[in-house]
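Below are two complexes that have chain A in common, paired first with chain B and then with chain C.
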Partner chain A sequence: MGKIALMIRQIRQNKGIDAPFELTPDTSLREDLGFDSFDLAELTVRIEDEFGIDVFETGIVENVFDICEKLNLK
Partner chain B sequence: MNVLLTGVSRGLGAQICEVLLREGHSVYGVSRARSEVVSRFESDFGGRFFFRCADLSSPDDARRAVFCDEFVGNRVPLGGFVSNAAQAYGDLVSNISPARLESMFAVNVFSPMLFTKYAIRNALFNGSQCSIVHISSISAHTGYKGLAMYAASKAAMEAFSQSTAREWGGRGIRSNAVAPGFMQTQMSSALSPEQRDKICARASLKRLTDATSVAETVAFLLSPKASSITGQCICVDCGAV
Partner chain C sequence: MRADFIIGERPMSHAEFLEFVNGADCAFRAASPGSLRELAQVLGVALANDCDVSLFDADLGMGFGESGARDLPVAPAGAALENPARFESVEALLSKLKVSKSKISLFTSGTTGKPKRVSHLAAALAGQARAAAEDCVWAFAYNPAHMAGIQVFFQILFGGGAAVDVFGKPAGYARDKILECGVTHISATPTFYRMLAGCGAVFASVRRATLGGERSSEQMCALVARLFPNARVTNVYATTEAGALLASHGEAFRIPEALAGRVKVAGGELLVSASLLGESDCPCAEGGFFATGDLVEWVDEPAGLFRFVSRKDGAINVGGYKVAPEEVEEALNSVSGVIASRVYGRRNSLLGNVLCADVKLADGVSLSERLLRAELSKRLSAFKIPRIINFTAKIKLTRSGKVERR
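Up next, the complex of A and B:
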């Protein structure tokens, strides 16, 4: 989870968003973190590089819970 | 920069590779089989030329062979991707063979699309400003008897390239096509002297297209000199009309 948070922080910083954020299972990638499709694509690439799993390949990912489920993270 | 180039073993691909290596770039060359020219690149440009065998008629297998840690993984930031490998399929529309059509589209369309996907993902990971060049063909612009299916595969990639440019321009990724006229390569070796004469007569410069000129155009589009060019198709065809 810590690794995911770091990736999200980096993508947000690249977009010029420095505000702190909280990650809960319900955190929406689009609504709460301000990600658009291109940010989600970048997050996919970073997660795949770290975990070897393409989280968006098998369906829509809306929130942090969806990512954790696909990566089998608790 | 690191450039991924398909169809490196002969013809235009070998010319493009030669130009890029001479300019000092590193080339990750892909081809179905090794060739003498591949061995020459390895001996003349060791350390900057890397080769991988992959059969683009099986797109997903080819993608796995190329975009992996042993070849073009995320630790190799791609500055360019040149989709050059292609299969020619000439016949009358009334003779279309579904199997040959599928095989040609796998090489000319599905694999280039899949490779583009992973080139973009590589660029996203590295934050690099990748330049993509698809080798199209004059046949996508001007009708040629017997080339309808081949022309359709090339036109598909031109449309794909234009939308890729629009979609990814915000991330600094450029995509262009180069449409060469008929060159003296193995792919056009099936032409009869009469057909060749006819093609030359249609060109403003009255000759076949020089592959080096096409290769130099590709190198230009990859370079920062072309930093404001995206979504275009550059015809390098001796002025065919």
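Up next, the complex of A and C:
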């Protein structure tokens, strides 16, 4: 989950948001992190570059748990 | 007439050119010249013998065989000449080349699509060369297998002067040759000039600098004016299908009187009359006009002034928004420290495409993705700002030296 956290922090920072954030499996990408579809698309590209998997290809991803599950991360 | 018309590392004199053409017993029906010298050899023999010739990009992998000629690629079969032409003097050879019945087939550079064949009468292209001062030294910066390269070649062959070949060479090499050879004329793509500007030099010897092959903004024209402080800067619009059509001294163009009714703007696109085209595979729409695929917008419609915006087939669909990569590149290139950039879409299941950019920075400059995005947000709508920015040492270019869009 550490790598995902780093990616999320980078996306937030690129938007000018430096505030710390809490990341748990239940953290909602849209609700808690305020990600819009452009942010989510950026996240999928960054994840794909790191893990070789498009996490949105096979369905909806709501929270951090969904990502970890698709990537088989504990 | 000066002895060498190609100078620099692999020079060629007029006498050697004559000797080469007179020594050829096979013509070059298809060739992929990789240098100005090879272009001279291929066209010299073909035109002298009224043979049609097709020029391909060197990287298209044509299988050329041994020819008996010294150093050029030749079609492997079917090219022997029954009665090869022989000339007594350079003047006799040049006179023949000017009225050759050969057709030269070229292939559109295919920045976004599959290349298409276009054929031109060699004599018509040769006829465009203008008499120039004997001391003209050109920097040859275009692909020798493309229209602009052939035009510069004919210019030095028939118009006088010489050229130093810098095509496909690193920017530092081009800088050194321009300074060393005292180049007076240069015609190149905006991308070439951007790379040259990154080398940190000013070229006082250049009297004429021409921009072509890609869209040039006012900012680009100004950069070229700074690189060549003593030069008259001309921005040219040309197509492989019709050759050079429009010229201006900034980003805005006007259709000249001589082309009125044969070049027009319709539906935001530049259209060219079939009467101005070579023979080509490109279909002409109803009414006999060829759609160039180059989109324009009016700067001053009553005055007939317009500028080029993007390629029709080049827009990137990002979540339902259309983004012209040229506009984003222009914004990126205007950020201090950025030398060149390439904007492209990457397939994505959420948005269709995610906008990405490769960015080349000037030596010693350090910029973060965040800073660059913040700069862009002052100039562009949010959906036009690349979400992935890669800092790279090299921008991917086509064989014509344009930013690769595929």
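The definition used in the following text is that the second predicted complex is superposed on the first by the 74 of 74 C-alpha atoms of A that agree within 3 Å, B and C clash if a C-alpha of one lies under 4 Å from a C-alpha of the other, contacts with A are read in each partner's own complex, and residues count from 1 in each chain.
Here is the rule we go by: a contact is a pair of C-beta atoms (placed from the backbone, for glycine too) under 8 Å apart; a residue touches a chain by one contact, two chains touch by 3 or more.
Since we're looking at a predicted model, the values are computed, not measured.
> Have a look at chain B and chain C on chain A after the superposition and call it: clash or fit.
clash
> Who does A:E22 touch here: chain B (first), chain C (second), both, or neither?
It touches nothing on chain B or chain C.
> Kindly classify A:L40 by the partners it touches after superposition: chain B alone (first), chain C alone (second), both, or neither?
A:L40 sits against chain C, while chain B stays out of touch.
> After superposing on the shared chain, does chain C or chain B touch more chain A residues?
The partner with more contacted residues on chain A is C.
> Where along chain B is the clash with chain C: 56-64, 74-82 or 92-100?
The stretch that clashes with chain C is 74-82.
> Using the superposition on chain A as set up above, list the residues of chain A that contact both chain B and chain C.
Looking at chain A, the two contact sets intersect at 14, 38, 41-42, 44-46.
> Please give the residue numbers of chain A that touch chain B in the complex, ascending.
14, 38, 41-42, 44-46, 48-49
> Could you list, by residue number, the parts of chain A that touch chain C in their complex?
Touching chain C from chain A are residues 10, 13-14, 16, 37-38, 40-42, 44-46, 54, 56-57.
> Mind listing the chain C positions that touch chain A in their complex?
Chain C reaches chain A through residues 319, 346, 348-351, 354, 356, 369-370, 373-374, 382-383, 387-388.
> Which residues, counting only chain B, touch chain A once they are in their complex?
74, 121, 124-125, 127, 170-171
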